[in-house]
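Each structure below is given as structure tokens.
Shared between the two complexes below is chain A, which pairs with chain B and chain C, respectively.
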Partner chain A sequence: MGEVMTAQGRNLPGDDSADLREIGFRSLDFSELALRVEDELGDELNFDAPGLRRIATVGDVLDFIEQLQSA
Partner chain B sequence: MKSDLVPPASVVLVSGGSRGLGLAIVTDLLTAGLKVAAFARTVTPELTALGEKYPDHLYYGAVDVNDAEAGQAFVRTVETTLGPIDGLVNNAAIGQDSLHVHTSPDQLARIIQTNLTSPLILTRFVIRRMLAKGLKGRIVNVTSICAQRGFPGLVAYSATKGGMDAATRSLARELGGRVLANAVAPGFFASEMSAVLGQTQLDQIVRRTPTGHLTEPDDVVPVVRMLLLENTNVNGQVLAVDGAASI
Partner chain C sequence: MTASRRSTALIGDDNTVVVAGKRLTWRTLHKLPQLPSPAAVLVDNGADALAAVRHHAVHGTELLVATSSRVDERMREELGESGFAVVLPDGDVTQARLKRVEESGRVWLLTSGSTGRPKRIGHTLESLTTVTGEQPPRTWLLPYSPGTYAWWQVVTVSLTHADQGLVVIEPDELENWPLIAAEHGVTAASGTPTFWRQAVYRDADALAAVPLEQITLGGEPVDQGILDQLREHFPKARISWIYASSEVGASIVVHDGLAGFPREWLDRKPDPDRPMLAVDGNELVIRSPHHGAGLVGAVHTGDRVEFDGDRVLITGRIDTDEINVGGSKVSAGIVRNVLMSHPGVSWARVFARKAPLVGRMVAAEVVPNPALGPITDADLVQWCSSRLPDYGVPRRIRFLDEIPQKETLKSEV
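Let's look at the complex of A and B:
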């Protein structure tokens, strides 16, 4: 997540409760993160939009990615 | 604010780039100094000649757009040969020349697969590659005036082109300005697709076209180039190039 934000000239806040809207992390940024994780896993991660809409904080992103990895 | 702009495309993939409008687009982009990758079911002598003229800027091959695996392998090879793709022109399509009641279900499925499903799958793959690399990019879908106006004998074809117009709008929304997605909707060409129309139909279209002539690839090429290269903030639009025949 930090790499995605750094590539866009922004920094990942240390606080897991940081609001994604406030730090400018949009759904496409999440997609970019998921695609980078795919590259590491060598497997496609597909998910529906409603799951994404529930993600509001940095911690939610990290939890969701963890779930995808372990699924 | 400038950093928010989507930069001009530098490596463009053109499907159906071996003849007609696709070949004209490939030629124009090469002339403009871009790196271009083109595939089609059959590589024509014209495309081969371009490859000899621009050996460092053109990569081409025989790929059926309906073969997703081959298409994705082609994209990966383009990335290693020319660099990451940041422009896509979905041009490959098949025509139709049959009344709906006389078009077999198999033929309907083939038209939908080639003109709608396969371009969406290719677009999905190219966007995934762009996003994974943190790139911005541009997409131009070549649709048709048939998506907006009715013509006999083109029911399924029109449906697929309308589908691509609709997808263009949703892509523009979904991609949040990171990828500019637009469509160009040519009128009837004097050649190729229009070969399916009778002379009476062609004459009628010409008579009703304010500019007095059918669309030529040269009319469409500058519009595609503009959408790939210029900063215009045009996004999610369908630009008709038909001499006002459809209005």
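Let's look at the complex of A and C:
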């Protein structure tokens, strides 16, 4: 997540409760992060597997990605 | 076909034809005395394909010529059921299952199959000969795969005009074609943008040593980057790009060194001898005098266009060019053009990747320019960010070692 933020010229705050809107982490950034994880794993992730849920904080993103990896 | 047509077709019979290093002429190419009609001649080399064409020009044989690798078993059976004897590269002939009267003078082409299985499109030597009038003496490179529309374009120029030699490039010679071309004094060459990009990438000095006066690009979307690179290497050559297909023939020819064609061409007055260009939605529509048999009228090409000032850019196939990123649409062709305008990029492919939240994201594969220093994905993201909306910026970029190329000289861009 830090790499995605850095590529956009921004920094990832250390606090997992940081609000995504406040730090400017948008849906495109989130999607990029998922693709980075896919590339890292060398395997396609099932993006449909996790149910719809609110992703509002840095912690939510990390949970979601973890959920994707185990789906 | 009349005897006079055949003699017209053979005006170039004494033109030089270089195959596998041997200097021959159309007249002295080996003969195919036993060729049945209709015949589907499947070849594994350019000389056999040219011999089949000359046989057709002399005898009017109903002919389909293609490389054996393009015609699978199922298609061979279909050809047999449609009345074609199938002639294999080793000379073996599978007789037609359906006996029918030949359609004398008919030439069949297979479409590239980019939208499914290849289709047969009927032409004649006359409809394939779109270069008319007196031509300056030239020696043409023939790198295309036998039987494709682009191959026929070069072949008919040589067969129907005086002083238009041919230098055939076989698939195993593609990597070194500039050396062969320089040795045989090639002055005109036609190839896909991928073909030219590879030539610049592999050995720009060897390419620049070819005495080219005419450079033609076609078969794929043509971007400004490759036109500019070729202009740099060949400041005095005429550089043209052609929009052509088996269905509508050569319909757009642009010589001004710019990508796309002038927008005013969409409003030209109807002229039966000139293709009519139109745009329906974002699709290029062509009504062409060079069309294949049975394709009279407006043909929806399946190619996507975008307007850029006073130019109309052809960006790619409609079914693959448009990428929908969370409801915002971007043309893969436009993103590719931006990437390839970066001096550190020799080749790029842009495509959609499935992604959460936005559905699809723009991704790219890139071959870096070896003449310049290393580039990173961050460099390219930054380059694109200042030229494209944020949803059009490829966020995932993979670097490849070499430019991929298919038998058709195209890459899947």
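Rule of thumb we're sticking to: the second predicted complex is superposed on the first by the 64 of 71 C-alpha atoms of A that agree within 3 Å, B and C clash if a C-alpha of one lies under 4 Å from a C-alpha of the other, contacts with A are read in each partner's own complex, and residues count from 1 in each chain.
Quick note on the criterion: a contact is a pair of C-beta atoms (placed from the backbone, for glycine too) under 8 Å apart; a residue touches a chain by one contact, two chains touch by 3 or more.
Because the structure is predicted, anything quoted here is derived from the model rather than measured.
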| item | value |
| --- | --- |
| Which of chain B and chain C A:56 touches, first, second, both or neither | neither |
| Touched partner set for A:41, first chain B, second chain C, both or neither | neither |
| Partner chain(s) touched by A:30 [first = chain B, second = chain C, both, neither] | second |
| Set of chain A residues, in rising order, touched by both chain B and chain C | 7, 27-28, 31-32, 35-36, 39 |
| Residues on chain C engaged by chain A in the complex (per definition of touch) | 325-326, 353-358, 361, 363, 378, 381, 390-391, 395-396 |
| Of chain A, residues touching chain B in the complex | 4, 7-9, 26-28, 31-32, 35-36, 38-39 |
| Chain B - residues contacting chain A, complex | 3, 128, 131-132, 134, 175-176, 178 |
| Of all residues in chain A, those that touch chain C in their complex | 7, 27-28, 30-32, 34-36, 39, 44, 47, 64, 68 |
